[in-house]
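Common to both upcoming complexes is chain A, partnered first by chain B, then by chain C.
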Partner chain A sequence: MMKKRNKNIINLFYVPALILFSVFVIYPFIEGIRISFTNWNGYSQNYTYVGVKNYIQLFQDKNVRTALINTLIYGVGSTFLQNVIGLLYAVFLDSKFRGRMLVRTIIYLPVMIAPLVMGYIMYFLVQYDNGAINDILAVFGRQPVDWMNNGSRAVIIMTLINSLQFVGISMVIYMAGLQGIPGVYYEAAAIDGVSGFQAFRSITLPLLTPAITSAVVINLIGGLKLFDIIMALTMGGPGYSSHSLSTLITNQYFRAQNAGYSAAMGIGTFLLIMFISNVTMRYFDKKEVYS
Partner chain B sequence: MKKKTSAWKYLLSALIILIHAIPLYILIGVAFKSKMDMSSRWILPGYIWWDNFKNALFRGDMLLALKNSFIITAGSVLLITLLGALAAFPLARHTSRLNNGVRGLIMGVMMVPPLSILVPLYSNLAHVGGLSTYWGIIGVLTAFQLPMSIFLFTNFIKSIPTGLDEAAAIDGCGPFRTFALIILPQLKPVIASVVILTGVNCWNDYQFSLYLLQSPKFKTITLAISSFFSLQSSDINAAGAAALMGITPVVVFFLFLQKYFIKGMVDSAIK
Partner chain C sequence: MKKLLSVLLSAALIGGLCAGCSKAPKEEGGDSGIEVSGEESEKSKTTLTFVQHMSGVITDELQAVLDEFEAETGIAVEMSSPGSDIEEVMKTRMASNTLPDLWTTHGWSVARYGEYLRPMNDQDFVEHIVPSIKDLITGPDGNIYVLPIDADICGISYNAEVLEDADVEPESILTWEDFEAACDKIKAIGKTPLFFDGKDPLAFGQFFDFVAPTLYTNNDDINRREEFLDGSFDWKDWREVCEILERWTKKGYLNTDALTADYATACQALGKGDAAFMLRNANVIVEAWTTSPDARLGILPIPGKDSDNPRCIIGGERLAVGIWKDSPHQEEALQLIEYLAQPEVCARLATAAGMPAGLDNAESDTGKLAPYYERVMSDDILTIPYFDREYLPSGMWDDLCVTGANIVAGNSGAIDETIEQMRQSYETKKAQQ
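== the complex of A and B ==
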């Protein structure tokens, strides 16, 4: 009797957290769905319900299409780079040599820096006048390049910046994963004459699947939400060519005063990220092996 | 033979360090140089131009921003840790359909991209006077960081044997005293992870602060740095000094507590 009562009392412990979620996430989310069916401009008292008009517009809007493609490049491109390079770094640092922890520290350090500030630091490199990269070009007698003045080039550069900054996350996840693989597997394989790349492919990679899943999902969610670096370097420009969905949402709300449309874009972004991360997790779940 | 392989490793290490240190190297150069110094960004000056730091501190409101960022980060981290540990206790100890549902809901909250609910969040806060207030931004930051905290605490509490809880219950401890006397003292390592992981995220926040803290009185570090870059673009060296000052606290913190940062990161990523 006593036990049962305690069991119910103990559930009270998560009530404060649930209240906070309701106020700051769940209620706004439901409110967002409602606003997405209106033509509200963001400040006026009056607005009307326009049905699914905003959602139809999403599919016709050229800027949304650009932002969607950019978001996928930011997300998938960063994920690919961070995982391939992160895994290579982890394998390299898994071998014992003095000073390897210093290498780990330097690679991981930029994860601490605000992405906005990283964007500004990179401005010193990609700037047209006096930019560090153009200085190198000048040494080779080449003309300076206005790096961020071209939408697709800006998107690629910002994907690289994001990958370089956060590659440390996948690296430490893979380092932990590698340490969890028992050495006897490699010894057994060596007896069978299997070593080197073949051992990596048939022992290391399959046993790393849980680590790969985590690293891929974390990088994917991070890349698809890219916002700060874009605000620091291009503000979505030139024109609308380097916007991500996140920056376009704020642009539509605060600049274009199109709150209903911006809310619809928010719901769409939520569904997209939900869909991509679920598909990814399902895919890796099937591949998981147990040692 | 052995010597040869390690030489190869040191060469590669040096190359990796060189590439990853470029951003900080360039930033330090810019922050130390005078406005008149037109030398290449690759060259470190042989002096430190203190005016850059003075300008950042006084004209860029860096002191006010440091204070605001500190209050917001400390308030958020306190709530994130406290509410996270509390919520994790029942979720780790009792599996019922209700609690599984609650856990699913929390994981769902983790998936919501913050800016996807910007419109209602902003208009709701405007409606209740929560824009440009400490409680508004602390509430939002806490809500978005809390799922990770609950996740870390739940996994950790699950690994604590239930024997102690049961013994305490037999001795007449209610759930509150069991939590405070038995569970809480054992949580130290995971508290360290939660505090530093979510603390850095709050300190570095830009997307929420930019829209929810519009009054200059509530300017945070990231907002101060960004206004420095957009307004005073002629004085890029002072902007660099502001950026350097803004990242120094977290970088120093990281260098001293590196072990906890990396352990926390790995624990939050892998079940």
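== the complex of A and C ==
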């Protein structure tokens, strides 16, 4: 009886968090669903319900298709690069050498910079006129390149920038994972004559699966929601060619004044991210090995 | 003891949350607990909220004027300057119907903000609004909703030295054909004829605002004005304006980085004489002078479609202030409007903005641009409204910007896609009204 009352009191502590979650997540989400069935322009006091018209339009809109493909490139591309490079960094920094802490700090430092600021810094690197990369090309007698004037190239450049900025997060996760692997496995493998690469493939990687799951899901969600760097570098252009779903949602809500359509797009994006994250987590759950 | 502590802690957390979410206390007397007596004390507690869209020198001048207003009247004004994000800020506030007491309307006092603004027809300054913009800021119901501190005069900004080097006489550019001939000459001397800062695609929206009226609405006898307004315009005819942009792109009149250059780069290019023309108002000139103070820059009227059509300039409101019709501080807000409408204050602000004053009893010092303003505001030059604000439903600006960028990007079928997007968007936006 006493235990039950204590439990009830402890449950009270959830209340503020639940209220905050309801006010800032659940209520806006339900409102978003409602708005997605209207033709609201985003500011007027009047609007009409249009049924599932916005959702049908989602499947017919060429710009949504472009943004969806870009979003997958931003998401999957960033995840791949961040995890491969992050893991390499972690393995490298797991060995003891002078200046290890400094290298770790330098790799992690970009994570501390706001992505929008990072985007503006990178603009000075890639801009056509007086851009650092073009200045270097000029030193070698090469013609300047307008790096961001082509949507596909802009998407790849922004994926690279996002990956390099946040690679520090993967590195830290993998370093924590590596430190959790008992040294006895490697010692036993060494006695059996296992090479370094074989040990990495058969011991390190399987035992890192929980870290891989965390790093992949965090990077995937971050990549699929990419926003600030795009706004700073191309604003989704030229045309709609480098928009992600997140930037297209903002564009449709504020600039194009299609709040209803934008809300439908938002719901679609939510479902997409939820689906991809869940599939990824389930996949890695099956692969998990416990030491 | 532990139990009591837990309950108290929970209560404190919930209480704190509720306090945070509760309504802000009203500013009227009595609530604050401070003893209030007389009208002056009542006013001294009032803080007006003011959102404005300008940036740069004018913001500092505006703040100085508001500080002086506070010192004189005891009414504080909290100014926020979201800059180019004002659209997002104001749309969000309109959606929740929690608008600031006053805000600048950045060209939309009638079409977008009219239903939220207090009509100003009863104010003394109305009879002093300069004729070139009076009609443009008057709603169909005859209401004027803003105090226009300056008047937007938007023509083609140009670098006179580049034109001289290319042997182009600015006053000889009367039609788009003349303009293209001038561009050919400029290109021949290795300069960029027309600079677009397309990183923000609004540069392409400006193209349509400059060129579309000359094709469709400027001619008093043959025009498509009614068709745009009633929705009967055949969007296939939009091809004409798109083809001009495509032709200019193919002929190489545009800068190589037309799709990615930013505003600062554009202003520098104009100031340094790397480019001859920009389809922008005099803001670019003021900005260009910050890096190239000796550059000879001027404003040119927009050419006509052909010799039968007059040249024009785009006019309208720019730094124009309106009052929220449901503001709890109507009286104090009106006091601020009266203060801003004083000739010396209005002139001071218009000077800082680098534009002619919006009231005829105030004289702005536009410095080196004064003769150009005088020229483009003469009788033989037609003053027209911004095309998108007058003839397209609110929200289509983005379509102009993005479709323009697609055409310049050289995407195959861009013009057909533009026509389709304009048609669809027009119908969607009309249905929202």
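Operating definition for what follows: the second predicted complex is superposed on the first by the 288 of 291 C-alpha atoms of A that agree within 3 Å, B and C clash if a C-alpha of one lies under 4 Å from a C-alpha of the other, contacts with A are read in each partner's own complex, and residues count from 1 in each chain.
Simple rule for what comes next: contacts are C-beta pairs under 8 Å (C-beta built on N, C-alpha and C of every residue); 3 or more make two chains touch, one makes a residue touch a chain.
Predicted model only: the values in this text are computed from it and were never measured.
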(message) So in the superposed three-chain picture, is A:Ile169 touching just chain B, just chain C, both, or none of them (first/second/both/neither)?
(response) first
(request) Using the touch definition from the top, say if A:Ser246 reaches chain B (first), chain C (second), both or neither. (result) first
(message) Quick check on the superposed pair: does A:Gln45 touch chain B, chain C, both, or neither? Answer first, second, both or neither.
(response) second
(message) Contact-wise, after the overlay, does A:Asn149 reach chain B, chain C, both or neither (first, second, both, neither)?
(response) second
(message) Taking the superposition on A as described, I'd like to know which of chain B and chain C A:Pro16 touches: first, second, both or neither.
(response) both
(request) Pick one for A:Leu102: touches chain B only (first), chain C only (second), both, or neither. (result) first
(message) With both complexes overlaid on chain A, does A:Ala256 touch chain B (first), chain C (second), both or neither?
(response) second
(request) Check whether chain B or chain C contacts more residues of chain A in the superposed model. (result) B
(message) Looking at A:Gln60 after the superposition, I want to know if it touches chain B, chain C, both of them or none. Which is it: first, second, both, neither?
(response) neither
(request) Could you list which residues of chain A make contact with chain B in one structure and with chain C in the other? (result) 6, 9-10, 13, 16, 20, 23, 42, 123, 130, 254, 259
(message) Taking the touch rule as given, give the residues of chain A at its contact with chain B in the complex, in rising order.
(response) 3, 6-7, 9-11, 13-14, 16-18, 20-21, 23-29, 31-32, 35, 42, 89, 92, 95, 97, 99-100, 102-118, 120-125, 130-132, 135-136, 164, 169, 172-173, 176-177, 210-211, 214-215, 218, 221, 224-225, 227-228, 231-232, 246, 249-250, 253-254, 259, 262-263, 266-267, 269-270, 273-274, 277
(message) Under the definition above, what is the set of chain C residues touching chain A in their complex?
(response) 3, 6-7, 9-10, 13-14, 16-17, 21, 87-88, 90-92, 94-95, 97, 198-201, 256-257, 259-262, 265, 269, 394-395, 397-399, 401-403, 405-406, 408-409, 411, 425, 428-429, 431-432
(message) Can you tell me which positions in chain B touch chain A when the two form their complex?
(response) 6, 9-10, 12-13, 16-17, 19-24, 26-27, 30, 38, 40-42, 79, 83-84, 86-87, 89-91, 93-94, 98-99, 102, 105-106, 109, 111-124, 139-140, 142-144, 146, 150, 169, 174-175, 179, 200, 203-207, 210-211, 221-222, 225-226, 229, 236, 239-240, 243, 246-247, 250-251, 253-255, 258, 261-262, 265-266, 269-271
(message) Please output the residues of chain A touching chain C within their complex, sorted ascending.
(response) 6, 9-10, 12-13, 15-16, 19-20, 23, 39-45, 47-48, 123, 127-130, 144, 146-149, 151, 234-235, 237-241, 251, 254-259
